[in-house]
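What follows is a pair of complexes built around subunit A, which joins subunit B in one and subunit C in the other.
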Partner chain A sequence: MSASQSAVRSRAEAVKVSRTFDWLICFTLFFVILGGYHVHFMLVAGDWDFWSDWKDRRLWVTVLPIMGITFPAAVQAVLWWRYRIAFGATLCVLGLLFGEWVNRYFNFWGWTYFPINFVFPSQLIPGAIVLDVVLLLSNSMQLTAVVGGLGFGLLFYPGNWPMMAPLHLPVEYNGMMMTLADLSGYHYVRTGMPEYIRMVEKGTLRTFGKDVAPVSAFFSGFVSIIVYFVWHFFGRWFGNTAFTKGS
Partner chain B sequence: MKLIKDKVAKLSFVALLITVTAAMFYAPAASAHGEKSQAAFMRMRTIHWYDLNWSKDAVPVNDTMTVTGKFHVFAGWPETVAKPEVSFLNIGIPGPVFIRAGSWIGGQLVPRSVSLELGETYEFKVLLKARRPGDWHVHSMLNVQDGGPIIGPGKWVTITGSMSQFTNPITTLTGQTIDLEHWNIGNIYFWHAFWYAIGLAYIGYWVKSPVFVPRLIAMDAGKADSLISATDKKVGLGFAIATLLIVAATMQSTNEQYPITTPLQAGLLRGIKSIEMPARTVAVKVDSATYRVPGRAMQMTLTITNNGDSSVRLGEFMTASVRFLDPAVHEDDTGYPDDLLAEEGLTVSDNSPIAPGQTRTVDVTASDAAWEVYRLADLIYDPDSRFAGLLFFTDESGNRQMVTVDAPLIPSFI
Partner chain C sequence: MAATTESVKADAAEAPLLNKRNLIFAVALYCVFYAWVRWYEGVYGWSAGMDSFAPEFETYWMNFLYIEFVLEVSTAGILWGYLWKTRDRKVMSITPREELRRHFTHWTWLVCYGVAIYFGASYFTEQDGTWHQTIVRDTDFTPSHVIEFYLSYPVYIITGGAAFLYAKTRLPTYQQGNSIQYMVATVGPFMILPNVGLNEWGHTFWFMEELFVAPLHYGFVFFGWSALGVLGVLNIEVAALAKLLKKDLA
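The block that comes next holds the complex of A and B.
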């Protein structure tokens, strides 16, 4: 067989090869995205995602969607504009969540024995599905950034609240009031993390009284719009084939 | 020549294998907290921990022990270290092998950061509940914002039993009693699995049809519009609407299930009460101080004035948690860690009682291998060559009085 001849001899064989290729790419893509996104997320969201006593109604709500929309935007750009595949964002957040769970379970619990209820990751799946569907329905980067990006920020807090609410029950402990999340942070000693490092409840949203989380979520959504644009273009640039021969 | 090259390559490969294997089999546990690697001046001139007591050497899982004592915030705090205006009383243990059931400074619970004053002395207590079996080095520790951790002396404590027996019962203000060790874990697993399943179902819809190759061919052929069908859009819309409805419904049901929740608590605790120390009746002036490198000894010439009404003797010099004692005056019976205790490490040229009103100049030598072992000798390489520490005088009734010293230090290399 010469180099110019096809490796497949029938349509059935071509379909089979194509499907094998699909699974190989999906598997590889999942783990490549997992690796890159996970490192990125640990570096930029880090402690806000690691510990339940960092998951406040201001900075956690603000920081995580902004830092979380990055890879979904870039991967969407590649998969949509080159393949019309509408699951880029969902694939990213599933990869991230899988990587986070491996990290939390084996490192945080298995290695250093922090209880899972103190170190579980946040989940970004509802926002990612909405982001993908907006792109699918609109075929527009601008609309996806504005509607999907805003949705990504807005859905984060309510999407995680069912897991967080039980940790925000108040406790009276030796004459002071804390939440169960605060108490976990106090009980389960982190030698390298003194309390003052914890960046929670800092900011200037006091005029909104107790209803701070929705304001933070809107702000997060607005910034997510901008971040979506930037990372979408990263994705487009990264996914171009200008450097390959004959493209 | 080729034969020699091959042999060298083979041997190098074998050597590499042996090295890797040896490294795999010899992996000793890290058993301390790097206290020796902290700059000597930082340990000598910031926080002085003293009168420390570890209530137990061995403790079963679920049982408690305390670490108590005092710390003096040194008035001659080095300029290069941020002042302890925002500090946190921590405990130096390898992760949550104990839980910190309580920590107090001056009787005030300090789960948050505190503001401390230079020159003041504070009493502290840390209550620990044993969680994970093993031998653990338990240090007192204070973190200073922008200054880093300042670690105190550490002592080995053994935890016995099984971690599976550990419980952490807490009663909330809503009246529930829960085990914080396991609380909410099933709920977390459920919601993560639930959303993961929805995410997989969404991707599953797309990957049930050929994904990459035919789509790329169609895109290159300009048939992008043919790749998204009306069904695709309907299914996508269905997923989006279902997602929004589920998020709204679960938020609502969670709020109904937990109507009372509070935000995370944070903030600096000010006004921490220091110990009201009795007026000092002993005054000490450091006339000179040298560190003799070959002898691992610090020699000080001190002029001591006793302004009290009872004669006193110098019994102890303590710096960076290392205690140098004159056994004729003071013996330790608190079980202080051996490696930090030089029981006969203090020599005073004339240590007869200094009578009330008397002034005496004495030569004091603090010598022990601890200078080297604890890398305190490194202070001769500091940019600001000073030493500092606490002197403890004992009067006729056995009362101890603490006096701080802080003076330039001249190294002696011969």
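The block that comes next holds the complex of A and C.
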């Protein structure tokens, strides 16, 4: 190819071509990252995310932010550090929520007939916005990991509280005390996922009474910091442009 | 040599840089096809997919499986074979405008890969969760698996392979060797399909229930991470496009 030749015929065409590529890139990135993030998230945190009777004060609060901060950290490592695009975390989380909502509506409700208020996905947007804003304001990976990562863990429970609060109300049913979410679970039997494999309210955190959720959130924030660091470097590796040697 | 593409055809300069009709048609094709598949699941999942020993299961699900196997192998063979057979043997001597046009076509393939990955890794994989947590399985070839593992995964593998082959055979950017991240982004998700072997072995051997966070499923997770290889492809493409457009945008 000749260096003197131009690929476009005018500056206007160059701008138009550049904008068109932006749209193609955005569309592709959104859906490919959505696919990878969703398959990761559903298989390491999914059960707590699928069903409202799994959304407890301990493992749901602990596991989801830790597993959720992975892809946002990796994508930020490329979108911010190479292109100064400051919405990497939010892009990931919006993609994940898009995939989840479509699924919960068309499949959890549309194919297996669970009510939406039993299968809605968890909310991760507040934490993602904090991650992006801290990175934008600080331009520091360390600060984003420590402040943003901690915020990602701490904000998860309060961010979900408006949706979950009514389902955590106590109810007495046949002489037993349970939550409304538990009651929904008993009525909508999942034959392939029996009660003995449900990991809800396990452990002795309840010893501290009212502090169960805050302690879980704090622990989650701590691990999220570490996971952010690790996945930032994963993201850098995935963004490399190396080639194998040609013949 | 007769079957290979000549570098610069006389009318190539007149063709649009981005063939929008092809782009829209391709995306619509995936969406309409999968809408039909989802309709089929809805109708025949409950009515014929509950008991793998029933005659109607053989009719509606096993025959579906056999047909898709044949179509997938044929499609992969024809599409990948066509892309290789018609490769450009003078790829390093194409004009910048032709190179730009081919980048657009390459991104049409990547958009298709995005759509195919979405349906495979997101839509039909999480759908598998609700089906198997609701229905007790009595076969590896359940209605959900016939679609998820043996249809939606091969479809994105075929699409990803085609995108990679297109780049490798028609774009100067990819002639210096094989892009490691492009291979990660296509071979990694491909490996999810062989990992089905582990999944089925595990579910048959010791775990008939469905717990999505079970360690048995972590192979899918590991290979799912490789979708992030698209970030490396993005960086390669942006550098190549910047080289083509930089002086005109300055």
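Throughout what follows, the second predicted complex is superposed on the first by the 236 of 247 C-alpha atoms of A that agree within 3 Å, B and C clash if a C-alpha of one lies under 4 Å from a C-alpha of the other, contacts with A are read in each partner's own complex, and residues count from 1 in each chain.
The working rule: a contact is a pair of C-beta atoms (placed from the backbone, for glycine too) under 8 Å apart; a residue touches a chain by one contact, two chains touch by 3 or more.
Since this is a predicted model, take the numbers as computed values, not measurements.
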{"item": "Touched partner set for A:Leu34, first subunit B, second subunit C, both or neither", "value": "second"}
{"item": "First, second, both or neither for A:Ile25, with subunit B first and subunit C second", "value": "both"}
{"item": "Which superposed partner A:Val15 touches (first subunit B, second subunit C, both, neither)", "value": "both"}
{"item": "Partner chain in contact with A:Thr112 - subunit B first, subunit C second, else both or neither", "value": "both"}
{"item": "Which of subunit B and subunit C A:Leu94 touches, first, second, both or neither", "value": "first"}
{"item": "First (subunit B), second (subunit C), both or neither touched by A:Ile226", "value": "neither"}
{"item": "Which of subunit B and subunit C A:Phe120 touches, first, second, both or neither", "value": "first"}
{"item": "Which of subunit B and subunit C A:Phe238 touches, first, second, both or neither", "value": "second"}
{"item": "Subunit B versus subunit C as contact partner of A:Glu201, first or second or both or neither", "value": "first"}
{"item": "Contact residues common to both interfaces of subunit A (with subunit B and with subunit C)", "value": "15, 18, 21, 25, 82-83, 112, 114, 190-192, 194"}
{"item": "Subunit B - residues contacting subunit A, complex", "value": "33, 86-88, 90-102, 109, 111-113, 131-132, 141, 143, 145, 149, 163, 168, 170-174, 176, 178, 180-185, 187-188, 191-192, 195-196, 198-200, 202-203, 206-207, 210-216, 218-219, 224, 227-228, 232-233, 236-237, 239-240, 243-244, 246-248, 250-251, 253-255, 257-258, 260-266, 268"}
{"item": "Subunit B contact footprint on subunit A (complex, rising order)", "value": "15, 18-19, 21-22, 25-26, 53, 55-57, 82-87, 90-91, 93-94, 97, 101, 112-117, 120, 123, 125-126, 128-130, 132-134, 136-137, 139, 155, 158-159, 161-163, 165-184, 186-192, 194-196, 198, 200-202, 210, 212"}
{"item": "Contact set on subunit C toward subunit A in their complex", "value": "17-18, 38, 41-42, 45, 92-97, 99-100, 103-104, 107-108, 110-111, 113-115, 117-118, 120-123, 125-127, 129-137, 172, 175-181, 184-185, 189, 192, 209-213, 217-218, 220-221, 224-232, 234-239, 241, 244-245, 247-249"}
{"item": "Touch list for subunit A against partner subunit C, complex", "value": "1-2, 5-8, 10-11, 13-15, 17-18, 20-21, 24-25, 27-40, 42-48, 50, 71, 74-75, 78, 82-83, 99-100, 102-103, 106-108, 110-112, 114, 119, 190-194, 197, 234-235, 238-246"}
